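Please find the structures below.
After this come two complexes, each holding chain A, first together with chain B and then together with chain C.
Up next, the complex of A and B:
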């Protein structure tokens, strides 16, 4: 409790020298100033000079500068077989456009928070109807009106995937791994892919739109209605990531965005039948690729406790 | 320095006004500029109730307090505010070749009177329906609406010189791609509306000072784009 709680002197009250001395000496005590002295006073901005909320912040261009869909652009090839090599976002000349935080990195202490946002303008290309390729995932047959014929259609669940990696080992930036809660490609049975529970920093990107219109005839599909593909043209996927260390401080030396594909959704046949994204090499081809222009990645390191 | 009263009083001696005033003056100096760390209780004792209460502007949805600003606006609330973009404002039609002529998206801005240099984090998202614009677009040149953030000096949104980084812009294509009324496939199998819908989301992080506006600007080559849902949010940290 405060020791500066002495009542004021009222008119007509008799006081002694000790009363007066004590009034002044109340302030001559280490640690005498504390909460109870503030009463209904208020602390404003000037009182908080030495307290930092935003410890670091940084913004970097992703890819190439400019917004028009003209050269230079950067191309990402679809995966054709294992092993998977994800594509770090870079300029058209191969210079990675990543966030680097210097020799000392950003030290995320307990009570700190890292927030990352990105957006990137891109276009997905395809040729023909790759979703109908033999053994393509999500491809299935519906009986047509001329048995035993079938109409081949796709569930349309193919996607590219963009996600964040970081290096928490050194400023050399040679140990890029997926950020916490996000995985890099892993083996899932006979496939490579991602468990969807580890896609905390991932954004799926639709490579095409498939439209099909046909009136069913006694449960059968008129022949030839196996879908028409549309290119999305240019659009701008975006993503974010939040991380707060819970055990020990984490030093982040760099963050980068990577792109990979083409994947298709699925689920495990046993166990908990977990949802997954699987590389579909059946649609992978040089004619199926992704092209991006430019974008932005922003990061804020702030204290939240 | 800690406070030491210049005069100590004793019973039975005259109490001089000058001595009391000298003690008071010394105390005034101490309380204004003499308090050092050792005089303060060595544990955290400032509580939320001791901090200057923020000023809340209910109309703009923003509050300004000790550590900065925070708030948001969206298309709903008391009024539903569908917004728009148009090539007729930005002066471009089909196949833009320049990255200027940005125009504000109405009402999607905050004005700030910063008391000192601050870190500003401006969030936004929108869903738009673009076109159909049945112009020479069908000749093969894509039409898009780009949206990104702008900042401008001064307190009136859109009145200062807008600062835009075109590389940060995001886009949605006109919904007329590939559709021609007299050249099948068309009709219900390939409706003109199969494209042209898009969502965007962005975050602008920057250091600001003094008075400024931060909001959304568009550059469109489509005759009309309806921004049917949108939201903007603001975080500003002085510290």
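Up next, the complex of A and C:
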């Protein structure tokens, strides 16, 4: 915003017409009037850019169509070992249900932004109490209600992860990578997983809830009792992603949702001690899987201002 | 109607300071006081009013906490590595948190020219739910203990310190959430505040690991992204 820095005039001081005109010109500097210093309702339609706010928009079906939680459904297996292969959301017959933007893609120019939302109806399955497997992550000791001794329970911080990938190279859609700010699975020490600071388009999905089932007493559990698991049944996770290029235009040819798991929380003991999600193969098993029916993915390409 | 000019000063004319000041005051009113019915035709160009005339997006995705390795995470209650189990997040625990709302993210949105402000907040969270049903917080053998110990994460959005959206929030151990709200806001910088509220410790909650005495993760926010859009009149 411009500032008037000309000295004020004292009462009785004699000045010239040039002074008066200079002051008038101070208030009429080209470009001085902008959003910061002009009140609302001050503009009329001729003042605005003749460009629509929304440049592109699109909605696509994810997974299988239908409202009922019945066949056809698609299944995602839990990871059992490296290398990790994430699962693109698809129909029960294996056709990927992704968002494509044609041969020219959507060109996100500087000053544009891309907004994406999705939802997916799903259910997580498990057998027994995999969180109690001997090497499962997240197990810790609390006192036995009848001392001495401890009882091992699970913190329950296991999860599936759904996140967005895009192809910004060509309409052939063969170069899918995680969207900006989101990572694909990476090696973290002795594990594979994700740094939580790179979960810009990630949604964690809880496979189970573990409860003391009324047995916890004053911070302790009875010997031989490590809680009870509950299935969340069908529910509909969702996510959002927003991106505005800051250096150069980005052309997006397609966006897809991928799912992977089962992961567990943790943090780096060394380094910057950041938080991470780590694949827990100890709970991975064919009986631990995720099943989804369908959902929607929506995208809007618009101007930032 | 305000006056456009007080005087039309001619070259070589000698004027008094009162004339000068009257002109200055009249001109000042032009900066912030005229509405569109008082602008002469063609006095503004596209270049003078763009790009912030109709709307303005504000993108914090993920939000920057200023802490290395913590993009998108709440860091206001984040336990030290030495106090945390390796297989848990550095997070809110019952040693660094008692009760009440915690500000996870706060920023000033400007320029904001007055109008509708919509905020979308999406993210993930971890919540310790094992002790949501215990001997003293449960129904046991026909005897109600009458003590609630729900484990969920309250969420709310504030504009200039005023709550404009609030929800009970997620309640699964590893969960995701969204909260959106909009409100009419006067012109000027807008302070956007995002807060969360874990639940306080219940009567039977374990607060630390029995062998190492590390504090237990009770709640954490991560993978957060925030988008706001001001739509001006």
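As a working rule, the second predicted complex is superposed on the first by the 237 of 305 C-alpha atoms of A that agree within 3 Å, B and C clash if a C-alpha of one lies under 4 Å from a C-alpha of the other, contacts with A are read in each partner's own complex, and residues count from 1 in each chain.
Here, a residue touches a chain if its C-beta (ideal position, glycine included) is under 8 Å from a C-beta of that chain, and two chains touch if they have at least 3 such contacts.
Quick caveat, the model's predicted, so the values are computed rather than measured.
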Touched partner set for A:69, first chain B, second chain C, both or neither: first
Chain B versus chain C as contact partner of A:199, first or second or both or neither: second
Touching partner for A:121 - first (chain B), second (chain C), both, neither: first
If touched residues of chain A are counted for chain B and for chain C, the larger one: C
First, second, both or neither for A:241, with chain B first and chain C second: second
Contacts of A:181 with chain B and chain C, given as first, second, both or neither: second
Touching partner for A:16 - first (chain B), second (chain C), both, neither: both
Footprint overlap on chain A, comparing chain B with chain C: 16-18, 20-21, 24, 27-28, 30-35, 38, 41-44, 48, 53, 209, 211-213, 232, 238, 240, 302
Complex contacts: residues of chain B adjacent to chain A: 2-5, 8-11, 13, 15, 20, 23, 27, 30-31, 35, 38-42, 45-47, 50-53, 66-67, 96-97, 99, 115-116, 119, 121, 142, 144, 146, 165-173, 177-178, 185, 188-191, 194-195, 198, 200-207, 237-239
Chain C-facing residues of chain A, complex: 8-21, 23-24, 26-28, 30-44, 47-49, 53, 111, 113, 115, 137-143, 150, 153-159, 181, 195-200, 202-206, 208-220, 227, 232, 237-244, 264-269, 271-275, 302-305
Chain A-facing residues of chain C, complex: 5, 7, 9-21, 23-24, 27-28, 30-36, 39, 44-57, 59, 61-62, 68-73, 81, 84-91, 110-111, 113-115, 120, 122, 124, 126, 128-136, 138-140, 172-176, 178, 187, 203-207, 209-211, 216-217, 220, 222-223, 225, 227, 232-233
Touching residues on chain A, where the partner in the complex is chain B: 16-18, 20-21, 24-25, 27-35, 38, 41-45, 48, 51-54, 57-59, 61, 64-69, 117, 119, 121, 209, 211-213, 228, 230-236, 238, 240, 294-296, 298-300, 302
